[in-house]
Every structure is written in structure tokens, then in C-alpha cells.
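Should a chain be cited, it is by its letter among A, B, C and D, assigned in written order, with residues numbered from 1 in that chain.
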């Protein structure tokens, strides 16, 4: 984890200080990492400190090895800076990170909360729009059909927005994983979707830079999905187009269209 | 504030380390003070640190003078240790502290949240039962009829509890103020209600201890309402009986019966 | 305090997010305020959170009225983000804030610490170069001769630097007050000194903008000393030149040359 | 780690709430764990929150597996509650925890600090007596001769105490490790030394309780060294006598007399 979180030239730590592509220059309202280890349940470490000044994070990234992890730096959009509002959110095997917001959240929030499965209701610990998106996805079947559930979640938020006078409620790139696969989505109700990048096939990248020692260590299946490229190496990163979903998995990855599914009726 | 929060022999700071009368020996999951100053809106200072180690609190208590303030030390009963879960909670002119819990909160929470006035819904910032009691009281008319609103809140929680299989859901001593009056309630659905004490009339106390310099400084209207007496001076404190409400106000204070009002139908 | 800390167009809160004139774009490694109230000792409130997200700060600035206060946002230069490293530092009636650093601090630190009056040694609570400058100034006579003591402190740091191979050790703008006067210094051992501004005479400013309601409320003696102007109003701010000291006091303020005094021998 | 930190009947988490044998009922001024993993340098996680409410700690203890770790809950004895004052302290391969205090620390501190190797001086990050003991031990040769270095450290502190009028300056049980061995010391200058226990040989304990599934999982070399037993199982724990040092190591452990070595001259 150290390699990606700290050592890359435009690492996540750098992005906590100064992101390049987003409206929030500083992402200093907390951060978190979620990782899969030897247990069934993933580990989560979250803190309200700016990522750059958290000494524990340095140690954890140096010590923990994981085949699949999510990391997030937060720029709050109105809700409190507290650990329960930091990403990733976790439920069972699932962890979830979100870059974006629900426009008109104050207006939509109650209706969205009411739509969460009553069995899941009490598991919501924070107050962010992001956590709510996660619990809506769980409500709409994330366990059984991940991408359709995410599409139903998006469709429900948009339908609720339209009903309550918010035209384009959804701005989201998100990453969600069950430990086997990583699902990454880039979508916005309006015209501009937050950026999303994926590293190119490790075999191709190594061939491109045969003398790069760091790249030589990458396994064939190594893949990074990021809001912003972690460096400037030409040929390293590919932009994921808006309204699409990426499945990173053992074997060939998949890229699909992402289309919100409005609720029936 | 310094006098009561720090200097009393069994001060609130001492109670954060070791309360005598409650089931939670240690009240170290955050604390808060709310005070009325020269502004319309009261000030609130809350922190997740144990009260005894917070250096800012020492300074604030030394610097701030206020004719009416509430202070609280928290022992969490399941919800996260975060500032938004610390008392006092504030809404407009009102501040609110609670010592107790809702039994079966996980089961009752969703129904209680749904009963909050949709206009107020988005003002709930934390996840405690205590804050929810406050917003239910606001929903049931705290602004216009403080004590009846608190009785309706208690009646609603008890009715919801019975409906969902929780016999005695409410354990509460609470303090709530609008800056003019302090309303203190001692009530439990079951047999045992958390303790509540009020200091005796300052004139009587001074007469009892004519040579006590600290007591000599008390104004005629000085009054302290506490979960546990701040010292052991005989004649200083009087227990407020269960199922009663105390109104501390300019002129003579009042003590009334507190009886939950179940919702109609 | 609210007016200056929050409401100005380029307020201190804005500067915590994005300072304009300094090398540290983000000043999010804690903050603090120190103020003189009705007690002999000033109050201090410090926190490691970024100033923009601290809710307590908002309340304190809204509630506390003070004729003289210092506020600071920190960008750490190597030492830990912790409350004891946040400015202002306080000793008796004195509070002290510093914008800058000691170059080669790791090399110079031990010798500087050893020069602190042994009686004061145990009062050093943090590990910053800034707090050490304060204790050196106290050691060199701040109580009796404020400006000469600051000049001796600067001279001692420079002599120590030269002895240990650090040519230009000192970069500092600082503010220090005893509650009666504010001493502000702009100095650097090298060519470039951090910026320092002072608001122009309130009478002149009001005359310049006779219709500005906010300025109309300023008393004749109102004065703000800042690292960066709090707004863009022409005629409002004046740059304090390098190597100078400003004394803001009842009656006419003074501006003097600031020249480090090397230790004798 | 989860087993020992959380699941034992009188686990460290319980001891953070209510220790049985020490003068500090509550150890809620922060905590820390240090562990050896796959890297040369041990990992350290420290936090100022009470151990019982730290959610990250739960995750880390569940996820991290380590053959050798130290854990500590802190009750501050005057110095600030901040991460740099939390144990374990780390230097290179070494981690260090201490239960106790230096009597008259304010008086002795400067002389002790001055005795720290100037090369190490700048590595001191906090202000505790405990960290200072660690850096003195490093100064006196911990790397090369661990126990003699600890004895020289103790001798130096006692000599300094006597010189400055503190008769019995040292109260300490401590644990220090280089990843290969754990050195545990129980010593006090005065009559009463803080408690120290070690678990009995895992083979003997398993024989004593042949049906205990948890004990069955213990390896032959499993050993716990604690301030207070983690449970009440008869035959499980043995008290380490005062003025002794224990070396837990591959193969047979050792128990030696611990005798402070005063500085020559």
C-alpha cells in the first residue's frame, strides 16, 4: 500500500494536499483505507486528520500487505468531519468509497433514508450522502447483482431528485468491492462527471518501460483505479468514459455501460 | 463556570473520572458545555476527549461568564464517540442535555426518526438516542409548551416501545433551556430513575454556613441542577423525586409532576 | 472576533485553506486563538483540526468579545501536529504567535533548548521552533524589555546558526502581547522576509469609505496586524517593511527598526 | 492480537476502563501498540482516544498477525495527552513501553534531557518521563547490551534524583524489544514496585487445562508479559519479583536480578 499511497509522484497523499482535476483543491477532511487481509471481513482504518499528517497511516501502509484495497481522501460538502463520515464504508464483505455528492442533499435526504431497508437502517453510522448511496445499493441488491443494484440506486436517487425539484442530483465516481472484484463507476446526472482513470495492463506497461524497476515488480493482474493518475508516465493510464462501469477481477476485466434504472411505476 | 465545573469537591471533572451514583463509573466519551452569553444564540463547546484532559475546557471555563449554562459528561451506550454525539444539542435558542438512554434503541430508532418533523429532520447531526429525544420534543411543541412537549415526547417513545416489544424504553434525566428558564426532568419508564438533585435556596444555604466565603458570593437566584451533588455539604442539596419536572426561572422556581402523554388514538 | 476570523473576504479561515503570499498554500495543521478577557491571564483555544472545520471555533468567535486577540493557522514544518505545537503559546500574561521557521532546526535545537532559562525549561510543552523562540525571548528579558529581548533572541539564534553551519537560520514574522501592547516583528536572516501588514488608522479608513457600515463600527484605536490582508479594499492595508517592529498600543503606535543583538563575546 | 487485547476476561481494553492493581483506576489518556511484521522496522499505532472507544484499534487487532507485539494503555501523570506521548516509543528496531513515572520529573527533567546523546536528542518527540527513559537507555548502550544499558539508565536517574533532592525517583515496569527478544523489567527506587506478571510455560498450562480450546492453540513458545493478569485462571500467571528482569526469547527464557548501575565517579 505504501507504494501507491505515499511513493507515487502524484500519490494520494499529494492529492490530499492538492488535487488537480477536482473542484476541491484540498481533500483534508479525513481519509480512510479499507483492505482485504486474511480474515473474511475487510479491515478499515479511518481518521479525521488530513491524510498527510497522520503518522499511523504511514505505519499501516508500510506494514499491511493486501491484494485488494481502497483508499480515499475526503473533502466534506457540508456534513461533519467525523470518523463515521469517512470512507470507506463497510458492510459485511463490502467496502465502498465515493467521490462526488448528491445535489440538494438536505432536501432529498429524508426520502432517501426512508428507502433504506429497515433491517439496514440502524447500520448507518454517519450522515453523508455517500454512506447513504452505499446503503441504498445494499437495499437494492448489491449482494446478488452488484452493477444492477448500483444502477437501481442511481435511478432511485434521480427519480427522488426529480420529484423534489432537483434536476441533476447525482455526481459520482465510486469504487465498491466484495474482496473478489472491484466495481468502479463513473457517472453524473448532469453533463460533467468526476474523472476516473485505470492503469493499463501491467504486461503492456512493463513492455513500454522495460527498465523501470518498480513496474517490473507489478504482477500481471496488478491494476489501479483512481480519480486522478498517480503519475505522469505516458501510456500508464487510461480515462474511463462517463456513464460506464469497470469490473476489475481475476482474469480479464470488463467495462460496461452504466445506466441508472428508475424505480418501476 | 470554573467554580462548578472544576473547583467543587465532587465537580463535573471528577464525575467524568468516577461518578458515584450511576451505572457508568467513567464518563469519558466526550463532554460539552452550552452557555448563554450576549448573543441571541447560546454558545456550545463540545469535544470527544475525556473532560479531565481537555485543556481548552479549562480556559473556556475560566474565561466565560454566563448567567445560565449546561454541562455534560458522556458515557456512550453504543453510538460513536464523535462531537455530533456530544451534549448539549442545540437548536435556535434551545440547548439540551440528557443522562440516560432509550432501551431497545436499535429497534425503535427508525420509527422515532420518522416521527421527527420533516422540516427538522436534516438538523439531526448525530446518531444518539439523546439528540433524537430533543428533536422529538421540538417536533411536539417545545417552543410553545415546553413541559407538555417533553411529556408528549416521553409518551410517544413509550408507545413506540410498547408497539415494538420494549416495555420500559425510557430512562432519562434531562435539562433543557431557552436561556430564560431551565427545565429539568427526572423520569423513567421502569422503576428506577437516574438521580437528579437541585441546590437549595441560596439564601437558606448562606444562612446555614454564614462563614463560607464561596457561598457568600452566590446571588439569591443562584441554583444548580445536577445528576450528582457537587459536594457533601449537609443542607446544600435536595433530591428531585422521580416523575417530576423542575422549572428554574426568575422568581420562584416550580416543581411539577411529569407524566408522559401518549399520542392520541 | 467573528468579524475578522470568519467574515472578512480573505479571512483567516480562508487563509487556512489557501494562503496567497506564503510558501504553504494550505495552513491546515491546527490553529489557535489567544485573547484577553476579564481575567489577568489570557484565554487560549488551540486545536489540531484545520481551522475551517472546527465547529467550536465558530462558536467561540461568535461568543467571545475581546479588545485584543491573536489568531494563528499552522502549516507544520516537520514537527508533530498536536495541540502543544499550536500557536499561540502562553506564559503568564504573554501570548505569542510566529509565522516562519528556524532553518536547520534539527541541528540547532539542542543548543537553543540549553539556552532557555532552567526555571522556564519545564514549561516548554511542545517541540516547535516557534515555542522555543518564545522561551528564548522570555529568557532574554521579554517581561522587562520586550523589543530588546526579541532582538537578543534573534541575535542568539543567528549566532548559534553560524556556529553550527546554518547561515540564515531565522525566518519570522511574529506577534507577541502582554495584553496592553502588541509587538509585531518582521525579520529574516536572509533576503526574503515573510509578509506583514497592518491596517491603516481607523479614522482615515472610515473617511475613505464613509458609507461602509462595517468600517463605521471600528473604534479609533482599532488595528489589525496580519500576515496577509483580510480583504482587497484599497487604502486599507499598509505593508510593514522587513527588519522592523511595530508596537500597537493605546495612543499612537510606533514603528521601529528591528536589529538582532548577537550575544556578547 | 485480538485475543489478548480484546477477548481476554480482564483484557487490556478492560484495564483501560478499570485497572485493578494500580493507583490509576482509569487508563484512558491514550494507548498504543507496536508490532513486528514482515518489515525490518516494527509498526506502531498510537492514539489519544481511550482504548475502549477506538474503532481502528479493533480492526487492526483483528487484521494484524504478529509473533511479537507490545500494547499499552496510558494514565497521564502531568504531561499532555498527545500521540507523541503515547507508548510504545520506537527507535530503529526497538519499541519501548513503560508503566510508572519519575518522581520529581519537573525537577530532574532538564538534567536527564541533557544526558541524552546529542545525536539522539532531536528524535525525542514527546515530553514524557517514559520516552526520556527510553532515550537514556539508548544513550547508555541499549543496542549492544540491553540489560546493562537499562541498569545504567536506572542508575543515572537515581543518581540525578539524589543530587537534586529526590530520594526515590524511579517507579517502573517496562517492556522493550528489538523484535528478537523481549526484555521486561520490574523495579522501583522505593519499597513498592508496580506489578508485573508472566504467563507460565504454555506446555504446562495446556496440561493443566487439557479441554480449553483457546489454550490448545498456544504454541510452545507463547508467552505474555503483563502489568496485570489477563484472567483469573489458576496456574496461568506468575508474578515477576521486584528488582528483576525477564528475557523472553526463542528457547528458554531467562530471569535475572536487575540492579541500577550508578554512573562512575
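We take it that a residue touches a chain if its C-beta (ideal position, glycine included) is under 8 Å from a C-beta of that chain, and two chains touch if they have at least 3 such contacts.
A quick note: this is a predicted structure, and the numbers were derived from the prediction, not measured.
Using the contact threshold fixed earlier, the set of chains in contact with both subunit A and subunit D is B, C. Separating the CA-averaged centres of subunit A and subunit C is a span of 41 Å.
Within subunit B, residues 55, 80, 83 each touch two or more of the remaining chains.
If the chains shown are joined wherever they touch, the resulting network links each chain directly to all the rest.
The touching residues of subunit D, when paired with subunit A in their complex, are 35, 37-39, 41, 43-47, 55-56, 59-60, 62-65, 83. The touching residues of subunit B, when paired with subunit A in their complex, are 80, 82-84, 106, 109-110, 113-114, 118, 121-122, 124-127. Subunit D meets subunit B in the complex at residues 17-18, 25-26, 28-29, 48-50, 53, 55, 76, 80-81.
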